[in-house]
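Should a chain be cited, it is by its letter among A, B, C and D, assigned in written order, with residues numbered from 1 in that chain.
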Amino acid sequence: MAEATEPDRADTAILLVSCPDRRGIVAALSQVLFGRGANILDADQHTDPQAGQFFQRIRFDLTGLAGDRAALEVAIADVAGRYDMTWSLHYGDHRKRIAVFVSRYDHCLYDLLLRARSGELAGDLVLVVSNHPDLEPVAKQFDLPFHLVPITKHNKASQEAKEIALLEEERVDLVVLARYMQVLSPGFIERFPSRIINIHHSFLPAFIGGRPYHQAHERGVKLIGATAHYATTDLDEGPIIEQDVSRASHRDTVAELVRRGRDLERVVLARAVRWHLEDRVLAYGRKTVVFE
Amino acid sequence: MAEATEPDRADTAILLVSCPDRRGIVAALSQVLFGRGANILDADQHTDPQAGQFFQRIRFDLTGLAGDRAALEVAIADVAGRYDMTWSLHYGDHRKRIAVFVSRYDHCLYDLLLRARSGELAGDLVLVVSNHPDLEPVAKQFDLPFHLVPITKHNKASQEAKEIALLEEERVDLVVLARYMQVLSPGFIERFPSRIINIHHSFLPAFIGGRPYHQAHERGVKLIGATAHYATTDLDEGPIIEQDVSRASHRDTVAELVRRGRDLERVVLARAVRWHLEDRVLAYGRKTVVFE
Amino acid sequence: MAEATEPDRADTAILLVSCPDRRGIVAALSQVLFGRGANILDADQHTDPQAGQFFQRIRFDLTGLAGDRAALEVAIADVAGRYDMTWSLHYGDHRKRIAVFVSRYDHCLYDLLLRARSGELAGDLVLVVSNHPDLEPVAKQFDLPFHLVPITKHNKASQEAKEIALLEEERVDLVVLARYMQVLSPGFIERFPSRIINIHHSFLPAFIGGRPYHQAHERGVKLIGATAHYATTDLDEGPIIEQDVSRASHRDTVAELVRRGRDLERVVLARAVRWHLEDRVLAYGRKTVVFE
Amino acid sequence: MAEATEPDRADTAILLVSCPDRRGIVAALSQVLFGRGANILDADQHTDPQAGQFFQRIRFDLTGLAGDRAALEVAIADVAGRYDMTWSLHYGDHRKRIAVFVSRYDHCLYDLLLRARSGELAGDLVLVVSNHPDLEPVAKQFDLPFHLVPITKHNKASQEAKEIALLEEERVDLVVLARYMQVLSPGFIERFPSRIINIHHSFLPAFIGGRPYHQAHERGVKLIGATAHYATTDLDEGPIIEQDVSRASHRDTVAELVRRGRDLERVVLARAVRWHLEDRVLAYGRKTVVFE
């Protein structure tokens, strides 16, 4: 929502908090920020009465900050301690670093590359990883390093170790599975909790598993969907970030559903990635809070 | 699509055909109608290459008909024989007779009553059946006979027999399950093939079975849906006629999903009923062709 | 979002605030509430950088309130004074009183009556006003007083005076123009600023003025729309609260567009009314902030 | 809808017909095709009762054709003469040749290039024309000739003459204005009737003219739209082929509307282009018939 009169993104920070629901949380947080000269620009929160959990996203202006960031973090940590908060602080001058995993389909990769170039994403694509060589030219077109990591049933563990080393070396904040056709091992996934976003080409939980467009055609549904979710060790069961659908009819062949699905996958994945990069998503249990 | 220059609905007929796909079907049918002075107003068809099946809906004008309807039907039967067609002919001057089955929820019943009154439906509501007395006043408001048929696990067979007798006595063409909370027996369902429309309050095949809004809330989906389908002996597996969805978010409680779902159920059921009444729906296997 | 663990609506209040954007507003407001034992349940705010305006909606729990409501209001007024705020406080134990104005179309009236009965609306329909007798039976069905106020070009001023007297006598908080086919005079409208909601049967600002469905058909648009807005003295120019659209095609006659439009009008008007009743809408200039 | 059992697209043809509405048209056309051994695969038609016009799209299989194409065309011309038809015949083995006109925005160009590459379009991009050099690298990435034709108020006529010569030399069937920021002269437009598709970044007829996203933001609409239409000499008044919308809220700045609008423009333009390439669109007066 940047506008002329707004501070630069680089001068803002976002505080994400979740904790057991109690009285006075909102006041306590706004007070500690106000006391430090951090002007709140936006604050959104949510309470899940069933889980008894409180969630908040506060975006604030750092330009008037009294003291340094370390001091601010100490002050926040102090409040967090009192309220038993899980919290993370995201400074606008750190742009998240993104790795895109692909196989043979290029539509999601192209979409992310173009959005990044047009400045839509609050983060930078830093590398492309693939188990197939097919999309190397696409990465090259956009001057992005392309890492070919072929995977067989025998070398999976060692190849994933390579990928993890690469991600850590490149200080990657977010992994995007852009129609990556390999199942990541639990070890890989647990290494990046709520930091791996996958696009599934169905309206989950319908058509879990393989060939969802074939399943949809077989079942004769009148809508097809796509789902972006955080990858967890339960395949297709991770917290859903975004979903959308498109109409289908008896006239649509599987090929036509696949074609239309590409448009869905693109926009659904892009929204999820953008929201994550803007620190709008909090995952808890099998769910997400998305502060749009 | 009735307009000034169009013949009255009463002067039109609709021919629904399905048969193995072959050359010359379209020409053969249009020719037999043309030869009898039946002017084609609309024709729509579909071929399912996998099933090798051909489907067609032809709406034509009877005002110039040479000879009587019997003669026309003989001529059609002759072509149908040659092409191994399943066919049905629907005259515009016969308005379909509709029975609505309800339990305690009134939103779908009211919706159908109001649409019928406003002239939206090419059919007439002739009676309401319920296993609960709650909605009798609603039926009365609209001067519609209300039949209370309470169902227990012990009297189900005999009560369904009563209902069937009632439907036949009233020459009912279509049964609409408007949030009717009883499972019909296979015997009942097989009595009215592709003539019972049910509204399911989820985006089938997601959340099959009970309490779909609770399931949706539990799973944290970002869209909720509703599905209208022909009732078959496989619960929730009947051919889907129409589906639609509405956005959901972490803010939505189950109560809120239920509320929003009512709007979905209303419009999805109404579309399915309207299309069926206009002879736009052909069911085959687990699928439907909907000639919108 | 009422849930088991939430306070009853009657024990909550909503504070709506708008003021010039400045530092510390959020902290100041949350502090005054916290200081008075009012626990914030939800807070949402928005800054319009162009207008330099800040807007906030705070929903809080009154059960722990220290002192009485008057004292709370004094405390809020004090902060409001310092920040030059326009504010309003809405107690959950006051249900807003709604008057529905209609002419001959019944679909929006029925829709509001059914939503009120099913408990969807945080307010009570208290009377129906119409310039035609046609819908009196509908009001009667729902035991609602019906006031026939026929309007001619000669008696408009005196008849509007009667209506205003009626609204004040009945302490009406919100007037809903549910396809009311009369233009209200500026005097009437200015009497109820941001308290009259109208449903316009087009996607404003397209097809301003009369017969929008005819205009839409004439223009060959592929979507039709409906718009709910606050009535202002500039016809069809009031702040838009909600809009939605539905697909149209070359097959749709004006009659079909009108039919589909009824569904749109219903849901769009209902959303706008619900949001207003829940104190989610702040109008400023030609725009609204809707805290969904 | 190509499937295994279907003839190759190259072995099919599409007949588009429009004529005054009369009895027997459908029979006459299906008969002439049947008589020539052309098996009808799909036929769709529409009657506009107000205009008294009949429209039909027939897709048929050429593999069993008795005699050559010339003979078929003679036979069709004969029927066409009797019914005063305007008709065109499109053979599947001729792929339409497309020129894309752009200025500085790359999103629609990239989208068309990627769809063409993925085989979505029943036509070939053959050249890119621009009044700015900016997008030459994009065209080059996809090995497409890029023609820079800068336009000033003084050289417009001569530059357009160059463009027309280029289009004719390249035997271009369709011109796509993919956010081309120049107004074409009437002379240019009349040269390619119903063969120039433009994408307008608003929900026409709302926000005609410049800076529609600014207009939308200014007006506070809750939906933004995009419109694909055939270019005519009345700016923004051409027959609409497709439209779609996306939700907007008070939180959306103009920049955000522009960003979301890019997604809309992409899909709306792509649908219109695809339908045109598949000979599904018939323009008449200010309207289109789209045989989806």
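One rule holds for everything that comes next: a contact is a pair of C-beta atoms (placed from the backbone, for glycine too) under 8 Å apart; a residue touches a chain by one contact, two chains touch by 3 or more.
Given the structure is predicted, the values throughout are model-derived calculations rather than measurements.
Asks: So which one's got more C-beta contacts, A-D or A-B?
Replies: A-B
Asks: Could you tell me which chain lies farthest from subunit A when each chain's centre is the average position of its Cα atoms?
Replies: That would be chain B.
Asks: Which of these, B-C, A-C or A-B, gives back the C-D interface, meaning over half of its contact pairs coincide by residue number?
Replies: A-B
Asks: Using mean C-alpha positions as chain centres, tell me how far subunit A is from subunit D in Å, no decimals.
Replies: 37
Asks: Indicate the whole-number Å distance between the mean C-alpha point of subunit A and the mean C-alpha point of subunit B.
Replies: Result: the chain centres lie 42 Å from each other.
Asks: Touching two or more other chains, which residues of subunit D qualify?
Replies: 3, 49, 251, 253
Asks: Using the contact definition from the top, classify how the chains connect: line, ring, star, complete or other.
Replies: Shape of the chain contacts: complete, all pairs touching.
Asks: For the complex, give me every residue of subunit C touching subunit D.
Replies: Touching subunit D: residues 46, 48-49, 203-207, 218-223, 225, 239-245, 249-251, 253, 286-290, 292 of subunit C.
Asks: Which part of subunit D faces subunit B closely enough to touch in the complex?
Replies: 3-6, 23-24, 26-27, 30-31, 33-34, 39-45, 47, 49-50, 52, 64
Asks: Mind listing the subunit D positions that touch subunit A in their complex?
Replies: Listed in rising order, the residues are 1-3, 106-107, 110, 114, 118, 120, 141, 251-253, 255-256, 259, 262-263, 267.
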